[in-house]
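Okay, got some structures for you below.
Look at the two complexes coming up: chain A is in both, with chain B in one and chain C in the other.
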Partner chain A sequence: MTGASVAVLGVVRSGPSYWFESLGAMLRWYLTSMRLLLPVFVVVQMLIASGFSVGISFFFEEITPEAALFLGTGASIIALILAGVVVAPQLIASEKDAGTYDFSWSLPVPRSANVTAWVMLNAVIGIPSMVAALVIADWRLDLDFSLSWTIAPAVVLALTCGTLIGSAVAHAIDRTSITQLLSQVFAFGILGFTPITYPIENLPTWLGSVHRVLPFYHMGVIVRGGLTDGRGDGMWASFGVVFGWTLAAAIATALVVGRRK
Partner chain B sequence: MNDWVFRAEGVTKSYDGGKTFANRDVSIEVRPGEVYGLLGPNGAGKSTFVKQVIGLLKPDTGSLHLGQHDLVADPDAARQFCSYLPQATMPIESFKVHEAVRLTGRIRGGSKSATDERGEELIDALQIREWRDTLGTKLSGGVRRLVGFIMVTVVPGRVVILDEPTNDVDPLRRRLLWEQVRLLGQMGAAVFLVTHNVLEAEKSVDRLAIISDGELVAEGTPSSLKVADRGRLRLQLMMVPGTPTPELPSMVRDHSRVGNNLMAMIDEDRAGDGIAWARRAMADGLAEEYALAATTLEDAYIRLTGHTSDNGVREVTV
Partner chain C sequence: MTGTTLETSLRRGWGYWWASYVSMIRWVLIQQKVLFAGIILTQILLGIGAAIMYKFYLGSLDPLAAAFLVSGIPALSLIPVGFVLVPILVIQEKARGTYDFTWSLPVPRLAPVAATFTVFTFIATPIAALSTFLAAWQFDVTLEVSWAVVPFALLASLMASSVGYGMAVAIPEPRMTNLITNVVIFLVLLFSPIVIPIERFPEWAETAHRVLPFFHMSNLMRSSLTEGLAADVAASLTILIAWTVLGWAVVARVVGRRG
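What follows is the complex of A and B.
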């Protein structure tokens, strides 16, 4: 038995190279630990999201190109948002249930790198689901979409914001049954009561006002902007709102992840 | 210059506004190279203590230092200097054994070559090579436990915390695992061994603390904790199921009964009388068999905590 490396460290590691090495290692850790489930998650998210466009295409014989574009892009946006807001907290809750949460958060990596790896894992679930939902919508509804460069920052921001909101909730709440329940509430709220697959003007005024404050409608606006070459009003204002929520969710996540009871 | 001595002073944590204590005024010092046992019944506060060391929980008062590093103020240092094997199963369902070992070694800051070299050595040392390329979902609980041990010790910290490391592990590999625990000490790590298996701990630790209801009730070497039982023998009777505990003769200093197992402490010079009494109990149809043996650490443990090591509660104290 060689002496290997007891206490390779005489000092506490820190700095950018330590942070990026930790990020890479944790991302590999999460991707490997999810590799049996990842395809299942992607397919389920894709089915949920494309169910909309497929269902609608069966219901209406004729659908205007504009409505088709709204529905089709909306369905793909929902896939993206659900990955962060619904899947992320469910995964954290299941880690807590299995008792493996303590191990993951006792690893010697900066917590910010650990959370970043987590967001990137959700991108691996969310982005393929979104693309698949878009392809299916295009097949059923023949969409007239055109990509703009803003799709990249929009997807990154929407995904990060959703994942951080979901993570903050899941880290903060000890009782995993409540986390699971809340993620269901998020799922139904986003699928049914959020103006992503239909215009915000169609909602009762008060609910519309609520959604102008919450981030989910604005996530829809910025991602749709990237898919429709900037069509639609107020895209930049929506970027601002989502950015604000991302910042707030990052602070909340930092507080609850680092919290020692 | 860091001396790397682990020091806990007055560590206290309470819940319910101070009504319930998870631990209370726990002070411990562990030197590099020592294997230090934390013994106590379930819920005694052992796991709470090690979670405070690794930075998952925070004490209300008291301090935890590793050399000059304040582990309470600097949980990043705690995570970097301490390796932690939790009591729960390791999350390795999707990993092949060698992948889990390599990846945790890299996360712990080990170089690729050193991690691979020591990982393979540990796989051989614990005799689990046949599962090296097997996915975690297909491993038995015992092998998973051993893989967990390798994951946290492939690049060991200055402090290695092992919470019930031998759970589900077969007797042969338990022995191999204890050898590795001893080697960790020789490599210079301070090892915390959390267990309620007293007999295993007796053979493996340099010193130990017995914790009961969050408080440290005794500390010392296994031999020093047995001093109070010196000059006594343990007379163990396997009672016929359903029979009551017979009237105990005056030579019995102390006794406990868990299920059908009656354990009585008697003085060494009354061994003959003890055997005669046990044989009478058998002749009367109360007991099925008896054994007379030297006292072990378990007797000290029962005396100090009021629990047997399998967490049954003792019946009476004489």
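What follows is the complex of A and C.
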């Protein structure tokens, strides 16, 4: 009988294969524990994204193909960003409320595998919403978009960056009501005050400068670049900015989840 | 001694109703101090934010479109208070247990309802006015304000609170009410002919909005703020009154029950 415990202790808890095994297990754990909540989140996000595509098309009486492309791709990019920055903290807050949060982080898996599982979980929410928004926008506005290979790294980077920013906030703040409130503020700020569905020139100069430093505008540039094939001016510089923020957010998340209580 | 006084005191008539109403206003204000401070703050930010946000989205606007947009702001500001904050208040009261306590108080049953509507009207209308003036300034629009703006704003606010309250007391499951308020916010911000002319919507949506109160709220407010931008004001007035009566009927039915 003691043999069993000796065997457990003897298992190597490091190395790439252990990491990937842990990632798979955590992903399974999150998907199972959220099996009721997740479909609702996916459907609600898809509806919001599609609704947003349709809704903003009413703003304009006539719309040029250029503007339509900007608007339609913008709506799908917003859907992607909201999944990371808004839904991720809400899910973490709901885990904290439910009490499963402490349990998940007490499991014997590398914390980086746990965080990666979160990012992938958000992809499950964000990518369908993004596609739904794009399809609906295409139907309403007859978009002339063309995919280029840069869409893959752009989506992965934007999603990872957004999720890490959102989850760093959610991990750091213990009071879930504050996290919920902050996620609403993020949503309002991104929908209304970030130049993703409208050109950055529409903003006052100072706010434009702020957005050249923050990652959200640049997320828009890189994803739009992948959807419009070269229309994103300064796309590579934006890739650099988003990558920098992803690193910073990863470090912040690592510091927060690496804490021992 | 005191017992006798209590038993013989008259518990009906206008004087008693008025006294109950006043004490209920105090009760509503006291139990939700923090909530009201939060509401006022977010409403101001949202109202101002919405006007600025539209400016970013639309870039430059011709004067007619700008006047249309600005005259839609009061409805846009009043709707969340009645359709979202009032239901949230009722949900919170149900969760805390003060809901049942309020109904057990020896006041006429419509006094707490009237007190709630009064408080929310006093919160909602000045903020709506402030947001509208800020928007007018942002878009450089001169509004033609007529005297009708006061009764119309009061009616619009009363209608929104009545329907929101009716919905919240009639639906037993708070999560359901929450979901409906979210849908209302979403539909109102995106799919409502409030800041956008109704003709731009598909026919089915237009038909729906001729029955729903949101378009009529904005139309009525617009008629008192501009000249020539609002049509069929009498129809809008009738429909808003009908929704108000419906809201009150639901409230009266639910709170009049004994159980």
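Assume the second predicted complex is superposed on the first by the 249 of 261 C-alpha atoms of A that agree within 3 Å, B and C clash if a C-alpha of one lies under 4 Å from a C-alpha of the other, contacts with A are read in each partner's own complex, and residues count from 1 in each chain.
We take it that contacts are C-beta pairs under 8 Å (C-beta built on N, C-alpha and C of every residue); 3 or more make two chains touch, one makes a residue touch a chain.
Keep in mind the model is a prediction, meaning the values are calculated, not measured.
Chemist: Identify the partner contact of A:107: answer first if only chain B is touched, second if only chain C is, both if each is, neither if none is.
Modeler: Only chain B; A:107 stays clear of chain C.
Chemist: So, does A:177 touch the first partner chain B, the second partner chain C, both, or neither?
Modeler: After superposition on chain A, A:177 lies in contact with neither partner.
Chemist: Look at A:209 in the shared chain and tell me whether it touches chain B only, chain C only, both, or neither; answer first, second, both or neither.
Modeler: neither
Chemist: Return first, second, both or neither, reflecting whether A:146 touches chain B, chain C, both chains, or no partner chain.
Modeler: Touch status of A:146: no partner.
Chemist: Applying the document's definition of touching, compare chain B and chain C: which contacts more of chain A?
Modeler: B
Chemist: Inside the complex, what are the residues of chain A that reach chain C?
Modeler: 48, 51-52, 54-56, 58-59, 61, 188, 191-193, 195, 197-199, 202-203
Chemist: Taking the touch rule as given, give the residues of chain A at its contact with chain B in the complex, in rising order.
Modeler: 1-10, 12-14, 22, 25-26, 28-29, 32-37, 95, 98-100, 102-110, 258, 260-261
Chemist: Taking the complex as given, what residues does chain C use to touch chain A?
Modeler: Of all residues in chain C, those touching chain A are 46, 49-50, 52-53, 55-59, 186, 189-191, 196, 200-201.
Chemist: Residues of chain B touching chain A in their complex?
Modeler: Residues of chain B touching chain A: 2, 4, 51, 54-58, 69, 74-77, 79-82, 84, 86-95, 99, 103-104, 106-111, 114, 117-118, 121, 125, 137, 154-158, 183-184, 187-189.
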